[in-house]
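Down below are the structures I want you to see.
Both of the next two complexes hold chain A, though its partner changes from chain B to chain C.
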Partner chain A sequence: MVLEKGKVSSRQGVLLLTFTVVVSTAVLTVPAITAAAAGRDGWICTLVVATVYGLLTALVIIKLWQRFPNKTIIEYSQIIAGPLGKVVGAAYILWFIHINSVVVREFGDFILTSFMPETPLIAFNIILLFLGAWATKSGLEVICRANEFIFPLFTLSIAGVFLLAMQEADFSNLLPVMENGIKPILRGSWAPMAWRGEIIVVSMLLPYVDDSDNVGKYLAYSVIIIGIILTFATVFTTAVIGELTKYLTFPFFELARCITIGRFIERVEALVLVMWVAGVTIKVATFFYIASLGTGQLLGLSDYRPVVLPLGLLLGVWSLELFESSIQSIQWLTEVFSFYAFVFELGIPLVLLIIAVLTKKGGQQKSG
Partner chain B sequence: MRKNLILILIIIMGTILIGCWSRRELDTIAIISAMGIDKSEEEGKLSVAFQIIKPSELQGAIPSGAGSASSKGVWVLTSTGYTIIDAARNATMQSDRKLFFPQNKIVVIGEELAREGITPLIDFLNRDPEPRRTSWLLIAKGKAHDIISAKHEQVNIPAEAIENMIKSSSATSMAVQVNINEFLKNLASPTSDPIACRIEMIQDHQNKNQKMRLTGASVFRKDKLVGFLDEHETRGLNWILGKVVSGIILVKSPKDENEDVALEIIRASSKIIPEISDDQIKITIEIKEEGNLAEQLPDIDLTNTKTFKELEQRKAQVIKNEVQSVLEKAQKEWGADIFGFGDAVHRKYPKEWKTLQTKWRDVFPTINVEIKVDARLRDTGLSSAPVKGR
Partner chain C sequence: MGKRFVTILIIVFILFSFTGCWSRREIEKLAMATIIGTDKVTIDGQDKWLISANMIKPRDLASQGPLGGNGSGSDKPTVLVSSIGATAWEAGRNLAARLPRREYISHANIFVIGERLARDGVDQIIDVILRSKDIRLNTWVLVAKGQALDILETEPEFEELLSQEVMGIVQNQPVASKVFTIDIKRFANQLITPGQDAVASCIEIFERKEEGQSQPGNSSDKGNGQKAVRLGGTAVFRKGKLAGWLNDEETKGYLYGIGRARQGIISLSVHELDKKDVAFAMTRASSRIVPRVEGDEISFIIDIKAEGDLQQHDDTRPIARPDVIKAVEQKAAHEIKALVENALNKAQNEFEADIFGFGNRLHKRYPQFWKQIQQDWREIYPDIKVTVNVEAKVRRTGMITDTPAVN
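After this line comes the complex of A and B, so read on.
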């Protein structure tokens, strides 16, 4: 039973979509987390360690997909692990929903603290989820096409902040490199790793990509380009804000706020808001979509659309009740999220792949 | 059909009007252009002066001669409270509008308050989304209130005048340009001590008015004000930091010791080179300067190469003296590392730094600093020698 009848190209579904999904939230929060652990060496975390991890995750996803080219992770986990696979599938769906509610919460929290302090959180969450639900109902093709439209807006806002901040940057803030050895760098790497691993969303989308030859290439490109963008973000925040980075909640936002060129280019933080709203909308829609699709597949429904509304309600309530304050959400992102994400991004897929290889499951269709 | 239309309307209005939730109309806000913080007479309280722009006064008012001085484009509102935001909220009891910080350009802190530490004051500016971290941070020698309520002849909004004074101080390099962000960066650094701009009211002899003037820099140890640098010491600091842009150096004429020659600085740069040998830290400051002959008072021909060389040497000596004077004060008197020597050592000797870091306060005053100045003269300007009268 095919729940999604649409087809997307690998450029749309793999390269552009994963880029927006990962970068949209990472660019705002990751620099602070890496700076807290690794100080001025944060860029090594995002450039080297997280990229290696991301490529490894990509490799596992691709290997699994090559064994089951027409199946999503929810479906093939049932083939590989039998009845236990249903549990794995359910866990994945829960994880998608949980991550999504965290993203929705982050979205509201950021706008709340930095732009509109008097607006209740629920207002942002409802609007965002409404858009997410709409996109989900419209299907994968619509999400990907919307992303194609948003992508230039999104990247140009980020690039704009970098370019304008260039003048304020003092790159000697990055020295000395690796002062305290490798340990703080590894500790600071957990967060960028967890974000990079969010490319796992493609394991739900790959069956619907029509030019399968390019998938591996584009997924690797995506991981590397994300790495470069996030490295820029950490390098620039360190160069402009310096030691102060670890004291700030949203260093990238502060970066934009520091920009003054001449007398007229000032207050460009609206660019950050453009990037944030555009990117997070796509991210939420994507996670919403894969959670709905996964639920449909797990329960053997003939259409995933009926679960969109209940999932939306669940997401709304969860995002509001998840954390009591923004402090708690930052704490969760720093301390819990990375390890939690690791299990789902690399842990379970790797175990599935090993079992599949050992029991020689899958892969027959490909040769035939 | 009707039902659908209403539904669509609700959805569209819902998405679009959400953006108006925290809206603030222009006629409901009091735009602040500068704020000054002093100690209040009441124990433990702060007294904050807000310079609020009066839009009606600015309407079509082209500052022209006498007119601008009489009409004042701002209203100074003083309010007290235990913290800044407390004072700001208390101010609404006197103002018909709520204070609005994003346009704030100037933050002035009174000397007395600054000596007790300014971390608690800065926190609001770092935490709240409204005030901008690109606001200039000044320490008033005396009361901050006097600065905030001072008028300026050229512009209706005195805060703008202060901002322009800071920005154009690169013409003399005798003041520093420090905003909140810059200050916080140095404060967060484990070794560097921050600096801030210095401003004071000076007596104008001609018409007995008091005028604002930037008079150097203020030096902090951690977050506590420890002292002020005068204008030449400030340029000394700028030489070390490589922040000298332009300015005039006065030297005695080699041909006549009673006469001055003015040399203009065209460009300058500096390097701080630390060196550790036998546990002794030595820091070499290399300053490169290039300039030309700007003005000479005596009618002596200074254009031969020999006198040029002599002038170059004298200029180097002046620069050296300026640097020496600020080093003396910062190292011996205050023990405040405002030069970033700690960062320089940290970058070059990360291993040795681990033991040095904790005792940097004790080490800093004992550092041996060598100053190397390479000062050049390029040209004489448009005239080779002063016109002589017979």
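After this line comes the complex of A and C, so read on.
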């Protein structure tokens, strides 16, 4: 039973989609979290530690996929672990929904904090979820194509902020490097690692990619490019804003607000908003889609579309009731999210892979 | 049919939702602040915030445009409003009692901190500024000599609005290199960086006086008590509290020391000791502060390179010769060195404030050593040895070579 009949290329479905999924929220939130833990060394967290972790996650995903090329993680966990696999599948769906509602909440909180403090949160959440539901109903191809359209817009906005902020940058703010040894860097790495691990979404999409040769390569590229972009974001915020970075809620946004060139290029923070709205829409749609698809597969439905509306309601309520304040959400992202994410990004897939290897389940393709 | 109905429903819904947003601020419902002042005052024995702002009068702008030269005479384009509250924002919102429009501070590009507040400590005002979503990190910070409210009361002389006047003065400063201008981002960074004390530009009122009376900053404008603002000197902070002021000359030395001097005139005595007979006009200058650690001995070297042209020569003796130019260069170097040392002396001995950021440089260069001494830095700082090396170059002599001799 195939719930998704569409096919996407590996460039669309792997390289571009994972990029948008990870970077859209990471660029705004991660510099603050790494700066709080690792200070001016935050860039090492995103460049080195998180990339290594991301590549490891990618390797596990690819190995599992090579054993079960036509199955999603929801399906092959049932083959590997039997009835327990159903529980794993259900846990994944719950995780997708939970992460998605956090993303929706982050989106609303950011706009409320920085642009429209009087607007009720529900207004933004509903609009975003409405778009997400619409995209989910339209299927994977539509999400990927929309992302292909948004991707240049998204990347150019980020690159534009970097370029324009260049003249404000004072790179001596990055000195001294690794003043307090490696420990703060490792502590600051949890968040970027968890974000990079969100590439796990492809484990739900790989069966629908039509050119399977490039998948591994593109997934690795994606991890590395995300690393470079996030490193730039961290380096520039530290270079421009300096010591103050660790006190800011949205350092990258403040970076955009600092830009003034000759008194006529000013107030370019709208660029960040464009990027944020476009990117988050794709991210929410992707998580919404994989949660719906997974539910369909887990329950053995013939179509995943009927579950979109109930999931949307669940997401809406959850995103509103998840946190009482932005303090809670930041604390959750800093202290809980990482460990919670590791279980699903690397932990469970690794265990599944080990069981599959030991019990010799799945195809033995040797291609890499 | 049903699909068509749903489509029309969606279109209608979108039409309604696109007409505006919740948190919209229509321009005709706003009172735009152009310059904001904050003070601390004591009322009935309690410290209160006094927030003042120059708000643009909308009527004038609508009829003439903000920069229209032919103003309607006595009618002022801005209104000075101020109010008092227990916290800064309470004071700000108390303005609502007399403002027919919502106050809007996003366009205020100058923030004046009153002297009393600065002496109490600027940490409290920094929080107010940084937490607000409407105040940008690149807003200029000025510290008032006296009350910020008085500064805001002053009439602009050149421009239509006081904020434009102050903004213009801020941006005009590199030509003289006598004022240290700083925005909120750098100011806050100075406050929180270990081994660095903060400085900010000083804004003061100067009064046009009868001839013969002394005025601040070598100004000699005549008049009958009219007030205007001037930027001059630097407010020096120690542990976030205003410790004192550097005057114009000391500020110049400070700017050379930290490499923020751009242009400016240095007057020299070349031929005779008691007469300043050469004006050396700087075109560019740079500086490097290098920390040295030998054992437990900390010292710093400030390397300054200055380059400029001959602007004035007040003597008929030949000057356009390599050997005389060499002498001029030496004198210029000597003069700059004296300026920097003077500022250093003030900072180290009078204020004990590390405004050059020596500690910060030490931290960057020798992080491990810094850790050992960080706690004691304030005790060590006044006694550290700083060597100033200056290299000055005269590149050109202007439109003439030697001074024409008068018969």
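By definition in this document, the second predicted complex is superposed on the first by the 363 of 368 C-alpha atoms of A that agree within 3 Å, B and C clash if a C-alpha of one lies under 4 Å from a C-alpha of the other, contacts with A are read in each partner's own complex, and residues count from 1 in each chain.
Convention: contacts are C-beta pairs under 8 Å (C-beta built on N, C-alpha and C of every residue); 3 or more make two chains touch, one makes a residue touch a chain.
Just so you know, these numbers come straight off a predicted model, no measurement behind them.
When both complexes are superposed on chain A, chain B and chain C end up clashing with one another.
When the two structures are aligned on the shared chain, A:Pro310 is found in touch with neither chain B nor chain C. Look at A:Phe130: by the touch rule set out above, it reaches chain B but stays clear of chain C.
Contact with both chain B and chain C is seen for A:Gly242 once the two complexes are overlaid on the shared chain. Looking at the shared chain after the overlay, A:Pro152 reaches neither chain B nor chain C.
Overlap of the chain B and chain C interfaces on chain A: residues 113-119, 123, 172, 175-176, 179, 241-244, 247, 254, 257-258, 260. Contact residues on chain C toward chain A in their complex (touch as defined above): 21-23, 130, 133, 136-138, 185-186, 188-189, 192-193, 363-365, 367. Residues 113-120, 123, 172, 175-176, 179, 240-244, 247-248, 254, 257-258, 260 of chain A are the ones touching chain C in the complex.
Within the complex formed with chain B, the residues of chain A that make contact are 113-119, 123-124, 127, 130, 172, 175-176, 179, 241-244, 247, 254, 257-258, 260, 266-267. Put simply, chain B touches chain A in their complex at residues 11, 14-15, 18, 21-22, 102, 126, 129, 132-134, 181, 184-185, 188-190, 346-348, 350, 353.
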